[in-house]
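Naming follows writing order (A, B, C, D, E and F), and every chain is counted from residue 1.
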Amino acid sequence: MQDILALASANLLTPMILCFALGLFAALARSELTIPEAVAKGMSIYLLFSIGFKGGVAVADHGMDGRIVAALAAGIVLSFVIPFAAFALLKLMTRLPVTDAAAVAAHYGSISIVTFVTASSVVQGTGLKAEGYMVAVAAAMEAPAIISALFLASRFGGRAEKMDAELWREILLNGSIVLLVGAFLIGLVTGEPGMARIEAFIVAPFQGVLCLFLLDMGLVAGRGMRNAKGVLTLGVLAFGLLMPVVGAGFGLAAGMILGLSTGGVALLMVLAGSASYIAVPAAMRVALPDANPSIYLTLSLGVTFPFNLVIGIPAWVAVATAVGG
Amino acid sequence: MHKAKRVEIIIEAPMEGRLTQALEKAGVTGFTVLPVFGGSGRSGRWTREGQVGRSGMVAVVCLIRPERLDGLLEAAYAVVERHIGVIGVTDAEVLRAERF
Amino acid sequence: MHKAKRVEIIIEAPMEGRLTQALEKAGVTGFTVLPVFGGSGRSGRWTREGQVGRSGMVAVVCLIRPERLDGLLEAAYAVVERHIGVIGVTDAEVLRAERF
Amino acid sequence: MHKAKRVEIIIEAPMEGRLTQALEKAGVTGFTVLPVFGGSGRSGRWTREGQVGRSGMVAVVCLIRPERLDGLLEAAYAVVERHIGVIGVTDAEVLRAERF
Amino acid sequence: MQDILALASANLLTPMILCFALGLFAALARSELTIPEAVAKGMSIYLLFSIGFKGGVAVADHGMDGRIVAALAAGIVLSFVIPFAAFALLKLMTRLPVTDAAAVAAHYGSISIVTFVTASSVVQGTGLKAEGYMVAVAAAMEAPAIISALFLASRFGGRAEKMDAELWREILLNGSIVLLVGAFLIGLVTGEPGMARIEAFIVAPFQGVLCLFLLDMGLVAGRGMRNAKGVLTLGVLAFGLLMPVVGAGFGLAAGMILGLSTGGVALLMVLAGSASYIAVPAAMRVALPDANPSIYLTLSLGVTFPFNLVIGIPAWVAVATAVGG
Amino acid sequence: MQDILALASANLLTPMILCFALGLFAALARSELTIPEAVAKGMSIYLLFSIGFKGGVAVADHGMDGRIVAALAAGIVLSFVIPFAAFALLKLMTRLPVTDAAAVAAHYGSISIVTFVTASSVVQGTGLKAEGYMVAVAAAMEAPAIISALFLASRFGGRAEKMDAELWREILLNGSIVLLVGAFLIGLVTGEPGMARIEAFIVAPFQGVLCLFLLDMGLVAGRGMRNAKGVLTLGVLAFGLLMPVVGAGFGLAAGMILGLSTGGVALLMVLAGSASYIAVPAAMRVALPDANPSIYLTLSLGVTFPFNLVIGIPAWVAVATAVGG
């Protein structure tokens, strides 16, 4: 417990979290501070590329761990299963209509890549190592949850669009999956010599870019919170705080079964406990258009994302350390 | 100068591809997609700045022969129906009628 | 299809918030804000590229029932009056009248 | 409120300067240039995203007195003639007629 | 005098100034070279964040100097007072209408953050130290001048809008103030350990980013100059060259009274002698819409900014050195 | 031959080429991965500035080589002459109308600055040196080809617009020429001391930025290929693969006559063998509006650019080494 508190407060006073807080403050105070959309997207491309490439180089270095296939399969299963838990919880705790509940469930089965990126940097900062292939696991967890959600929606009377091939292509080839997996493979192929060439670009400035990116995330989350009045009932809010813990529990179990390193377990908890706000919302606008975007966006961006950033990440690192060490 | 209709559809960006495909199927010979900064409607106020991902909206403008209006509206409506957005139509005239 | 008016207001970006608030007070149910690259008018030529800060202009487009036009114009005019910009109105028709 | 025409010209970005110069020569007192994300027409589909250089298209919107329409169209047409693009005209009304 | 010349010519041949000159040339020659708006805004966010953060870390390192409050107060007073001097000078030297004169005066009471950033880098380049809290002083000087200007406008028959709460919020929470003060506080809280994490991002590439940013400023200033034909009378132009000297004089006096370091005095001169072109123009469009933006923008961006960059900064550094050493 | 293959495969497995391949794949698979236009333009500004500046510093260091004027003249001549060869080949190999053939010819006489930037980084990676003034030669080669193309178009019955002063200004002062030459001059004037100030920005991250930029180029080229169905006949395609070899031959001859270093010869081959897709297409839209942009853009971006990146650059480096060493 003390460890968790120490880690949490150490985590709280990093430039990253403070930048996020600054963004939150600015948005809630309705400052006109904004990061241009193109710049924010540019930074996210940088972060995805960097984290994917570093993961690939790590795997190239330490050899292809035999457990990579098992880990990928575990990630896919988690992403399929978690929406059912989320849906059940939502039915228990809230009065959301079926379609909204299914849409929210999809977000929690999928992952937040920014949470993952931040967690990677925290894990590394605490001196832990994690399996390089965790970025591939992250990519594998993006999409399956969407199927579960559509199944839930049709099964319980909601109205889902047909999942046509076009929608599948869009989901599986969404920008962040392609970039993450692509950069991972490039890192895998080029290994250390490739790293030597571009290290000054993708390693040294990483944490600084992450700071500015989290500033923008704070702005976005804060704007989401401002729009949340009326949207979020107490039950929905409580779900947004409880579900990441439940998800992280799933991740912990899976990580232990897989026999991942301490850092790897922490990252899998973070993935399972995080909620998507890029790929899944866009898919939901197409596949479940009757679901209300303000609910799922506010929950995932305005409640769960900050919760994970400030409390979840340090907590899961501490738990993984306690369990693993 | 030839009589035409100017149709303006404000729609969510993730639906753009589906809308323009439907327009093309409806025999539209051209359209223009404009970025939108933000707006307000039944689903509340939003601004583009600081959106993540493929969110945001676009405006699709389409000049067509008057007799094609109904086909276009039908096709567009099928796509837009359950989505956030509006469709406005104005009378217009066009040069270069060979293009329509 | 229902009769409507399409109002298009070109205005300085720093005034956008004030204008849209005034529109909302005037009972407008929706509007769309489009970015503007540049333009020319009595105050000369300007382009967005290379502007610093919150400068630049935006286009605010608003579809409304004809009977609401006067209220809207009054509200908009109060904001725009001493500022750079123009207001244009065209006849239009809209689908989805439940939205207006 | 005064009668006016709203002219909307979609044209390739490299031609923007030439078009607006021609408009000014034709005695136009103002115009607005809007960015375009993409579109489709006889020369096929295109999107702005990922274009390199000064490519892409813009929309030039111009409100003018009706009696000036012909002059404007002539001037615009001379520029646009051999280029990709369209010209649409709608009836409009404007506030602030002192500006036209 | 020789010192000033030596410094000036050393300053003239830095990549920064030459980049500015390149931008000027390109704009005056009507090259289609442009820096996308989003990229320029991204760079300015980077520069503000970096300078604010470094200031905060410096204060964290050397302890909270007791004089910080005095310095902030001095900055606010300067920002209030300078517009009166500027207005008086304008009445003497030009025939600008009251509203235009008041609007111009507001710009000169406020500050140009880019001039400040450039000056910081020159000060550091000449081996001088400056108080870390000067960035907070810069933020404090942004807004007060606006009040003076509105007072002047109403007092002398101009027509000012009512300053409503909304306008105040906009001015005080404008993006650059929030970012600068926020980054300062983040630097203050995280100190050296925070710096260690993001140094590779915010320190090493700083001067290079400043180069590209000044290239863009050159483009903007050059475009402003091209539009200036007819707008600027000789009197107005002379004001744009004289006023920064007058402002710097105020800054020198305040700096000596406060007992700032040599670098600090130079920076306060730069602040007092610089003119806003981001926050104040936007505020003027709302509060004094009848004032002609071409006049104040051309003056501040097309005349005073280049003057400060090329002559002012090295001159004030030399003066501060002469007076201080 | 073995050398070429070794170099080619070493080149193929660099992060740069793999990033380009990733972009190609993403575009061909119709992934929604995109790099915002503003970010792509920002990166290209960075790359141009960096390469220009480094070239200027290199010339400042090693002294103004007497051969610089000869090299510039040679570049201009190449750019004038190559379109005639291209036009003749097109008439032989394809049935393109005169106007289209002339427009395509203009692209091949001019140069692709991204190909040049990539080649510079490969040349440097193989331990070769090249004349710093090659960037000035690159700039000199951008425009002359346009004149040849207009001459060809009018001579053989095509319909070209009059080349007015305005068009000339646009072409000669197009963004990349101004930036490249400007940065070159700034590097030349500030030399090593200037470099020391901004090295951390323009040297260390260079290859990493190039990676992300080539990812975008891959996306652009892939989109071009997707649109190419129907546009490219077999003859036109073959031209796009043969012409860079012919152009490189011209470059080789010129480089040998000039007595350039091995790296310099390789770069001149790359320049002569590359095709413009920024400056010339814009100029063609104004000067030869009847020419079909899909043909020239697809050829230069979708065929010749990838060919040069993957095969041309390593091949010309190997040829230059074989001939020079």
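A few comments on the model shown:
By our rule, a contact is a pair of C-beta atoms (placed from the backbone, for glycine too) under 8 Å apart; a residue touches a chain by one contact, two chains touch by 3 or more.
Listed by chain with UniProt protein names: A, E, F = Sodium-dependent bicarbonate transport family permease.
Computed from a prediction, not measured in an experiment: that's the story for all the values here.
Any chain that touches chain C and also touches chain F is listed here: D, E. Residues touching across the chain A and chain F pair largely diverge in numbering: under half of the numbers involved belong to both copies.
Across the two interfaces under comparison, A-B and B-D, the one joined by more C-beta contacts turns out to be B-D. Annotation: 41 Å between the Cα-based centres of chain A and chain E. Distance between chain centres (mean CA atoms), chain C to chain E: 34 Å. Separation between the centroids of chain C and chain D, computed from CA atoms only, is 19 Å. In chain E, the residues touching two or more other chains are 32, 34-39, 42, 175, 204-205.
The residues of chain B that reach two or more other chains are 34-35, 45, 47, 54, 90-91, listed in rising order. The list of touching chain pairs reads A-B, A-E, A-F, B-C, B-D, C-D, C-E, D-F, E-F. Across the complex, chain E meets chain F through its residues 13-15, 18-19, 22, 25-26, 29-39, 42, 125, 204-209, 211-212, 215.
Against chain B, the residues of chain C that register as touching in their complex are 1, 4, 6, 20, 24, 29-35, 58, 61, 63, 90-96, 99. Per the touch definition, chain A reaches chain F in the complex via residues 36-39, 41-42, 45-46, 49, 53, 169-170, 173-175, 178-179, 182-183, 185-186, 189-190, 194, 197-198, 200-202, 204-205.
The touching residues of chain C, when paired with chain D in their complex, are 8, 10, 34-42, 45, 47, 57, 59, 73, 77, 86-91.
Residues 12, 14-15, 17-18, 43-55, 82-83 of chain C are the ones that touch chain E when the two sit in their complex.
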